[in-house]
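Several structures are given next for inspection.
Below, subunit A partners subunit B and then partners subunit C, in two separate complexes.
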Partner chain A sequence: MSERRWAGLLLAGPVAILMLLLQVVPLLLVVGTSFTDWQLGGPAPALVGFARYRELLADPNFQASAAATLRYVLMVVPGATGLGLVLALLISGCRRGRSLYQTIFFLPYIATLAAMSMAWQILLHPSFGLVNQALEAIGVPATNWLRDEATALPVLVLIGIWHETGFAMVFFLAALASVPTELHDAARLDGMGAAWDRFWLVTAPHIGAMTLFVIVVVTAHALMTFDTVAVLTQGGPGNATRLLLFVIYQEAFAFFRTSQAAAATVLFLIAALLLGALQLRLGRRREGA
Partner chain B sequence: MAKLEIQGLSKRFGATAVLHSISLTAEAGEFISLLGPSGCGKSTLLRIVAGLEQADAGSIRLGGRELAGVAPRDRNVAMVFQSFALYPQMTARENIALPLRARRLTRLQRLADRFRLDGASRCVGAEIDRQVEALAHTLEISALLDRHPVALSGGQRQRVALGRALIRQSSLLLMDEPLSSLDARLRVQTREEIAQIQRQFGVTCLFVTHDQAEAMAVSDRIAVMLHGRIVQLGTPQEIYRAPRSLAVAEFIGSAPLNRFALDLPPDGTVQFGEVPLGMRAPAQAGKSVTLAFRPEGLRLAAAGVPATVRRIEYHGAEAFLRVEHAGRTLIVRTGAAALPAIGAPIHLAPDPAAALLFDVEGKRVAIEPLREPAHV
Partner chain C sequence: MMLRWQTLLRHGLLLLAAGLVMLPMAWALLVAMRPQDAILSTDILALPQWAAVTRNFARAFEASPLLRFIGNGALVCALILAAQLLLMVPCGYALAKLRFPGRDLLWGCVLLGLMVPAPVLATPLFVMVAWSGLMDSVAALVLPWIVSSLGIFLMRQFFCRVPDELIEAARLDGLGEMDLLVRVLLPMARPTLGAFAVISIVAHWNDLYWPSVVITSAERATPPFGVMLFQTQEAGTDYGALMAGSLIIAVPLVLVFLLLQRRFIEGLVAMK
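Right, the complex of A and B next:
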């Protein structure tokens, strides 16, 4: 028995130590830091309790960035999920070229977003960008897409949707492949043959669980958007595109306000954990039903 | 009740011809099985009749009405699928009611009815409910109506699927291997019930199966399909006793056929081993033929063709003996009362009336008793 225990410890030990060093300890350090006034390179820190959280929640800049993040998520998630589902339905109905389309639409997801952001920057350049040139050619006045407060966030949303749609599509394609074809045949004989009826009668019940999964994961991805903000807008103009992760980065590594960054990280983590718990809960309830 | 007439139906998938000019007529209320090995095109034929596939050529008429170009829902055809294809999110009641709801209520009314909003659709809904209850009573599934398909056994799902197919009182009922997902005992029981329900409702029925025992048990007539063609259409007795070709004879029957290659003498008399059958096939005189016996066509006897018992397959009321004769294995069906021992030498006596004779192309040829005059 004790020999088995030693073997178990020996086998699990290395990974447990790695997890402890790389995940648990840093997390505890972040949580600890958020209760101090520590600044990187500054004097010895003192405990300040919840002061950092109070400051952060009262800070209009932080409120603005939380609101911007919420707006961003609320646009990207339905956009990418809906478009991903539509693409998956179209592609699964294809007789030929299925894998070609699949690859084309999945490419944006596997391409490095930071590099792709450069490409978008060139496309959206106010004077020589393809977007403005094309619009001017048909008589629409040029817009400085990334410097205009009205367009900066929507442009990031579009890029976010462009990036996440392929991800959603691949999962929907997998779910659609599991829908029994005999059910579609039965629906056609039962008088529910129209595509709209068949979608709700046959397809929707089979992809419900996958839809939930896709929504939660895409939400997590959208919450963690950083590359496009860093490359394209730096959070501007004003606070229009200061998404949460970018704020944390700025606080920690541009302003070196380490404890503020730690507090923001903890809030961010709580939001992400709530999301994960929600997914688990909804998933269990579905299985139970 | 309607007559189904299929004329010259052909279908190819790409370069592969699946159906070659199929013609078949089912009388009103008749139960016809499409019997064939997998890949013979029987399911494709059924799907074309249902309107789920389009034929390349030919016509289908149901009750005199041409079905080409008619949508599946407007064909007055119902189908039971191999997997039963019940909607998993719906109860048995909702599954059975769906074909009626789809026809009698508009899309908007169906939505409104879900939330019990619309008075008129509720009235239609109540009438549908009555019909579902009545049918469920006939099918003896009243107690199961509020269960979801996951909570039903295979046989119960089968009945619900049958209910969904019967609720509209279609003229034609199509069944695609509806018993193949049931276990053996349930399969035998359910096929009886299907045959009985079909007679009770008087619906014309096309039943696809690869199981010849199933086809024989339930059908008025059987259409044997091989390689995209109907090679024989007849009653179960005709198919079994008078198969038109060697291929049909080999496919029908639960035990393999005992086959012997022979060269008939110039007078056309047939003999099995050293034993003359007292039969002749004048048209095949001097030609190579195949003589075949089903297991019950050979009997244990005091004298005849010598053989050795190698294995006994005991079935209770009867037994199948695997015996060795001239280096080949033959199968003999016998009563289980007095079985020989394994390794015992026995003699086989052929039953002349059960002999089947096929020419070199595999077509069955006439064989007749010796004394009657030959008609050339």
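Right, the complex of A and C next:
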């Protein structure tokens, strides 16, 4: 018996040590730093309590960035989840071409977003982009989509939806495959002819749990949006697209304001933990069902 | 008759959606196949030219070390995945089937680790990388991510489903823990390992955040970071070359996906 005890320590030991070094220590470091006035390379730090958090929450730039992030998430999540569901419903009714459609719609999730952002930039280019050329052809004046405060965030939302819809779709397809076809046939015989009725009464109860799961995961993805901001807008114009992760990136690695960045990171962590706890609960409920 | 119309409508909508989804890539490809003056003109219908294709792609390759970015990406992903597998398999097994002091604490850390997103760790890890003098190195790209909570979690769940009788029988045959793991259990775990590999490779190949934190030179750049350098320094307004470069950077993972797509999607869904 005791030999196996040693085996356990030996097999799990390396992970335990590395996890301490690469995850536990960094987490303690970032939480600790957020209560100090420390700057990387600066003088010895002093404790400042919650001062960093108060500064951050009172900073209009941070408020603007939190608001932009919220707006971004509130548009991307329903957009990607709704479109993902619609595509999955359309595809699951197909007799042919299912896997071809699935491949095409999933492609944006795989294709390196940093590179694809540049493709979007050229598509939306103010003078020779396809979008403006097409709009001008029908008499709509050109817009500088990524440099206009009114359109920059919606464009990032559009790219976010483009990126996440295929991800949502594959989960909906898996859930739809679990709806027994007899149920649909029975409903049709019972006179529920309208596809709409059948969707709400037969399909919806089967995919409810998955829908919640998709919403939580896509929310987490949207909250962590960075690539499009870094490549396309750098947070501008003005504060329009300064999403939270980009702000943390700038504070920590461009301005080296270590303790401010740490406080923002901790707030970000709290949001992620809430989502994670939600996801875990949903997962457990599904396993129980 | 009704059904016919429904089918037509269904495919019509799906084809329209597919066209819209492919539009950015299709436009990028078209731009990469046109000479600069045709790109800048407002002639939407300008046809691709073979001379422009060769010129744009050649220019993309000489303007920045694209193959180097791709090679770096492959190296970093391979090192991360290899280390993750080496660590997560034994650990998952121990968590599922062995008793040892600290087991519950370790399991708690794994569950917590599942919820902590990588960018949160990036803020303090950057400080640690700077202290240890590892900035702008392959080690800085690889080391922070070699312990995967997701991987350990999946392996524990897998080993929990393996019946104890099987393990007892193998032990009675005189197999040690290591032999048991490598020769009996690992072959059974192949689907789980494959699914995890997909998640790991996609995440690290496409990651822009961490490389932007620790990498400063084109020499160490991974594909997404390289493409950003490419945009800002080299190809600024040479749009044909820029699009050619972006497509070259996006192609390797897309190809792998097209080859293994069923595995890919099934693996991802199995992860939920």
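Quick note on the criterion: the second predicted complex is superposed on the first by the 277 of 289 C-alpha atoms of A that agree within 3 Å, B and C clash if a C-alpha of one lies under 4 Å from a C-alpha of the other, contacts with A are read in each partner's own complex, and residues count from 1 in each chain.
In the analysis below, a contact is a pair of C-beta atoms (placed from the backbone, for glycine too) under 8 Å apart; a residue touches a chain by one contact, two chains touch by 3 or more.
For clarity, every value in this text was computed on a predicted model and none was experimentally measured.
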| item | value |
| --- | --- |
| Side-by-side fit of subunit B and subunit C on subunit A, or clash | fit |
| Touching partner for A:Ile248 - first (subunit B), second (subunit C), both, neither | second |
| Which of subunit B and subunit C A:Phe226 touches, first, second, both or neither | second |
| Degrees between the directions from subunit A toward subunit B and toward subunit C, using C-alpha centres, nearest 10 | 80 |
| Partner contacting more residues of subunit A (subunit B vs subunit C) | C |
| Contacts of A:Ala186 with subunit B and subunit C, given as first, second, both or neither | first |
| Subunit B versus subunit C as contact partner of A:Gln23, first or second or both or neither | second |
| Contacts of A:Gly276 with subunit B and subunit C, given as first, second, both or neither | second |
| Smallest distance from any CA atom of subunit C to any CA atom of subunit B, in Å, after fitting | 10 |
| Residues of subunit B that touch subunit A when the two form their complex | 47, 50-52, 71-73, 77-79, 81-83, 85, 87-89, 98-99, 102-103, 107, 164 |
| Footprint of subunit A on subunit C - complex, ascending | 7, 10-11, 13-14, 17-18, 21-25, 27-28, 31, 39-42, 44, 87-88, 90-91, 93-95, 98-103, 106, 109-111, 113-117, 119-128, 130, 143-144, 146-147, 149, 152, 177, 202, 205-206, 208-209, 212-213, 223-225, 227-228, 231, 239, 242-243, 246-247, 249-250, 253-254, 257-258, 261-262, 264-265, 268-269, 272 |
| Complex interface listing, subunit A residues touching subunit B | 180, 182-183, 185-186, 188-193, 196-197, 201-202, 205-206 |
| Subunit A residues within the subunit C interface of the complex | 4-9, 11-12, 14-16, 18-19, 22-27, 29-30, 33, 40, 87, 90-91, 93-95, 97, 99, 101-108, 110-116, 118-120, 122-123, 125, 127-128, 130, 133-134, 136-137, 162, 165-167, 170-171, 174, 213, 220, 224, 226-227, 230-231, 245, 248-249, 252-253, 258, 261-262, 265, 268-269, 272-273, 275-277, 279-280, 283 |
